[in-house]
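What follows is a short report on a single structure.
Labels run A, B, C and D following the written order; every chain starts at residue 1.
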């Protein structure tokens, strides 16, 4: 329970920073931080495999991707961002606070659900592997296809139109 | 305040922050940041319920999280590719400028 | 030659009426400029059909029972089939031969007479149309086909009378002719329908169940109608009225004198020889219906009396006429009266004989009149003519032959014998002497006015000072005259009682040479001789020395005074009709028109006002109510839609905000409801 | 006073194998002796174990910097550093002192915090990675069940830290250098993982000690049962070796901080101790990746020949480590630098397909009984595609003779 108490505020702070920070790169890095803390949270909750996967995928790949695209587009309009903030914040809050209210209301129902002290429960690789590849085999294949399609699609999107990948030695 | 309730509040707060980011951010990439936050909030829920909820031999929680991570990664990749393409086309990632599909 | 022809007769005979019709059709398409071809085409077609007709005549010489050719089914409606066909018996053969022969020579005559006419082609087109129709009437085996051809003949006469349609008098005359004959035709049509409804067939001879065969006749005689008349009698009367219309008998004769407006060959062909004879022929053809029930039937007596009255009336009027062709017209009317008397008194053969002879010498008279008028450059008033015998010698000779044949000069001319035959049958008629007396007096008057005409035109001094040397007609007009003259004379050969070939042939027996026949009919011959001498003598006495100036009153006028003027105005028939029929009709028409104007026009005005008002009303409501309402609704909708579309701002975040709101509201609602 | 009264437990018996664990056992023994609470003893033990690992590899780093320069020199027929101490042995100490005394310049436009954080973030993952590798039969700092996964997860952090280093220094060159480094590392991480996947598939576990145990024993008496001596293992091993060079940004693939190109890549704006940290991070990364390579393919601490049991297992590990490191140095001395597009093309169009091929090959090898027959089946399966890919498809990558255009 203690690690939870430590981690939760950290994650929320990092998330708030990611949302609030004016400078985009800072926001992205703070996102990476939140994702890392999230992974640690999973490790704390003894979902080891998922924690490491989370760490590897999100911090290793997604954060880098986001940061990379920030590098490419180099948004420089922090000033304008700050100028416009109060108005957009108000509208943003107006829409998200009710959602929060609803969720908190639902969470309040779970006030005393679940065990107070968790029993030792962990998932081993074998269990995960077997369930993954037996009950969810089609899903895994579908995700495989999806990922390949995404890879090809992203490659196509990101390619400069019309320019074949020229390599000097081809001259 | 059981750990599960703690986790749920954490995830709802995180979801709301993500939603706020999506609604207020002007830069498309930072909207993606918001979306990642929302997805992670969901994952926290799953793991929370798996960990502190009734024992679940079928491991639906972790399964779901695994798939959601894979798909989130795919989504981020495609999203960024599109944003880059739009950027190359319109030289800006400001969402308010990309409103040509208006009514 | 006869044997070879008879098998081909059925379809050959069809060509007789069809050839002139086809020629007429082709000419109709030729432009007027090509007139020369039209005359050659028409005469050629007629020449061929004349050959066929003569051949048919040769075939029918050997007496055998009536040979009706296979009828064609014209059209079927329901289970009833209307059949039409042709018939070859002595009656139709003789008529066909006469019509084609006379028409052929008239065609040749008219190529000369109409040479300088602008619409030359059109004239010949109508003529060949007429011949075709006339031949159809003559040869037809069905009353329906006969009636159809009858109407076609009426049309042709209308077209030909009104040939010079620029002249209003010609147009009026054509219309008058057409309408008066239509009255007759209506009666004919009713008779036909009645016969059809009774017997179920219109074919004359149809292998036993034809109209004129015993079976149908028996059924006709049996049924009685109103007034105790048998159906055949009533139908006979109706057919008689049809014939009177076409042949110009008394009540319906007024159109014939006016028909002289047409060119002279037309008068010759149609109003002398053929068309007017159609009525007589029709009565002869349907004689069994008239004589149905045996003895003195009502239609026959009516026919006899009508014929007698017409003969006398026309002769009287002819005496007082001053127009060259009108005199001949009235003489035609009286001769037709003679024929009707013959038919009425069971002298069918005598009537037919007189018809054929009359056709020849009346056509001759008209053609000679034509060449006289042609010579006098269109002058028709006999008072302005005189002494033409010297300058137009050959025309005078032809005219003289025709005049003598018509007035019945003894022995040499056919007219004498045929008129003698009629008087004989009238005398021996069981129904009394009335018609006989009428016919005899008419014969006397005929001789009188013909000699008057001859004296005034051909003898004495030329009265019209302006007419300088009238020239003789060209040979193309004279040759037909000589041929017709020859015909008028030669026909007497077959007409004399010594060798009454024609009558026997018509009745179907074979003629026997009997030199003694004259002896037992002497009384009648003497009578007719007397009539002729008296007529000619009286006329000679009066018109021997005609006065010099042309507008001096007629010598006879001095003696008769008012009676003369009465005769001159054709006994006022025209005036009578004018007052009796046209007057009330006009009055009635005026009344209807007034009714129309007084009643309908205001009514229509009101209706129009109503509709216009209603239209204005609906227009107003539509404009103000619906349009404005609809437009405002549309503009309202558009604005609302515009504002709504503004919500579709295209900014994804705006959409997301609304989604968030919506979701939370839904969830709140859900929990609030489930909590309750 | 109470300290002395504590009763010392007898000193545990140290075997040759457990020699490297001596400090850990010593400290535990002392604390236990002094009556420290249980959790304190546990933590102290972990700390000391970690300290030993760091100490060993920090020493290794120092040694390696010297050895690298010496071998490069010898390769280039020169002597290399021999002034600082007997045969240049103290050269690393001299470098260390130089690094520490250098002024630590922070560019004005730099992000202060990130600039500081970047070098630390580079060293940390390497150390973490070192912690999970089994050095000896007894000496496994952290015996994790998901050891391999942990290694790669931690490895993923290096990209973010490189980015931080590049971006935080504010100027163009570090940014470009960081982008090139990141793209290179991402491209080569993929084939690295796929080859490791092959091993995981065959050995059935993710935990590194088990993988090493599975490689025990000998074929035909003298060939050790290492993964390298299997058809797919050979290919996977070679690929792993090449990728590890790229991961460590060394020689043929040292584009990011290629001296002749973008100054020092993402490390341009660093000086002094931070710069030293970068180097330490790099070398430790090298140690970690080659250590993993050894555990996966060269049988970790397994003895190469039978009958050498008397030698402690960690000796074999470090011997193999030295051999691998020497091969890196050797390659650095011989191969020219690779161009960025050739590098990327080599990764995506050559390495990844072959790596993917090793998976089915391993499967077939496993299911055909792992014996001679499996060799016959899998060798063509791997050889033919390799020929196709390298010879035909990527002909343009083959080095061509340089043609010199002299000005006429």
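Please note the rule applied: a residue touches a chain if its C-beta (ideal position, glycine included) is under 8 Å from a C-beta of that chain, and two chains touch if they have at least 3 such contacts.
All of these numbers come straight from a predicted model, not from anything done at the bench.
Engineer: Give me the ID of the chain with the smallest distance between its Cα centroid and the all-protein Cα centroid.
Structural biologist: It is chain B that sits nearest the middle.
Engineer: Measuring centre to centre with CA averages, how many angstrom lie between subunit C and subunit D?
Structural biologist: 134
Engineer: Any idea how many Å lie between the Cα centroids of subunit A and subunit D?
Structural biologist: Each chain's C-alpha centroid was found; their separation is 29 Å.
Engineer: Quick one: report the Å distance separating subunit A from subunit C, using the average Cα coordinate of each chain.
Structural biologist: Computed value for the inter-centroid distance: 115 Å.
Engineer: I'd like the Å distance between the centres of subunit B and subunit D, where a centre is the mean of that chain's Cα atoms.
Structural biologist: The mean C-alpha positions of subunit B and subunit D differ by 34 Å.
Engineer: What positions in subunit B touch 2 or more of the other chains?
Structural biologist: Residues 19, 23-24 of subunit B touch two or more partner chains.
Engineer: Which parts of subunit D, given as residue numbers and ranges, touch two or more other chains?
Structural biologist: As it turns out, subunit D has no residue touching two or more other chains.
Engineer: Counting only residues that touch at least 2 other chains, which ones in subunit C make the list?
Structural biologist: If we look for residues of subunit C contacting two or more partner chains, we find 656-657, 660.
Engineer: Line, ring, star, complete or other: which one describes how these chains touch?
Structural biologist: Per interface graph, the chains form some other shape.
Engineer: Mind giving me all the chain pairs that touch?
Structural biologist: A-B, A-C, A-D, B-C
Engineer: With touch defined as at the start, can you tell me which subunit C residues reach subunit A in the complex?
Structural biologist: Answer in residue numbers: 656-658, 660-661, 663-665, 667-668, 671.
Engineer: Where on subunit A does subunit C make contact in their complex?
Structural biologist: These residues of subunit A touch subunit C: 91-92, 94-96, 98-99, 101-102, 105-106.
Engineer: Which residues of subunit A touch subunit D in the complex?
Structural biologist: 25, 29, 32, 36, 39, 48-49, 52-53, 55-56, 59-61, 63-64, 67-68, 71, 124-125, 165, 167-170
Engineer: Residues of subunit B touching subunit C in their complex?
Structural biologist: Those residues of subunit B that touch subunit C are 19, 22-24, 31, 95-96, 98-103.
Engineer: Mind listing the subunit A positions that touch subunit B in their complex?
Structural biologist: 1, 4-5, 8, 11-12, 15-16, 18-19, 24, 27-28, 31, 34-35, 38, 41-42, 45-47, 49-50, 53-54, 57-58, 61-62, 65-66, 68-70, 72-73, 75, 77, 80-81, 84-85, 88-89, 91-93, 95-97, 99-100, 103-104, 107, 110-116, 118, 121, 123, 127-128, 131-132, 135-136, 139, 143, 146-147, 150-151, 153-154, 157-158, 160
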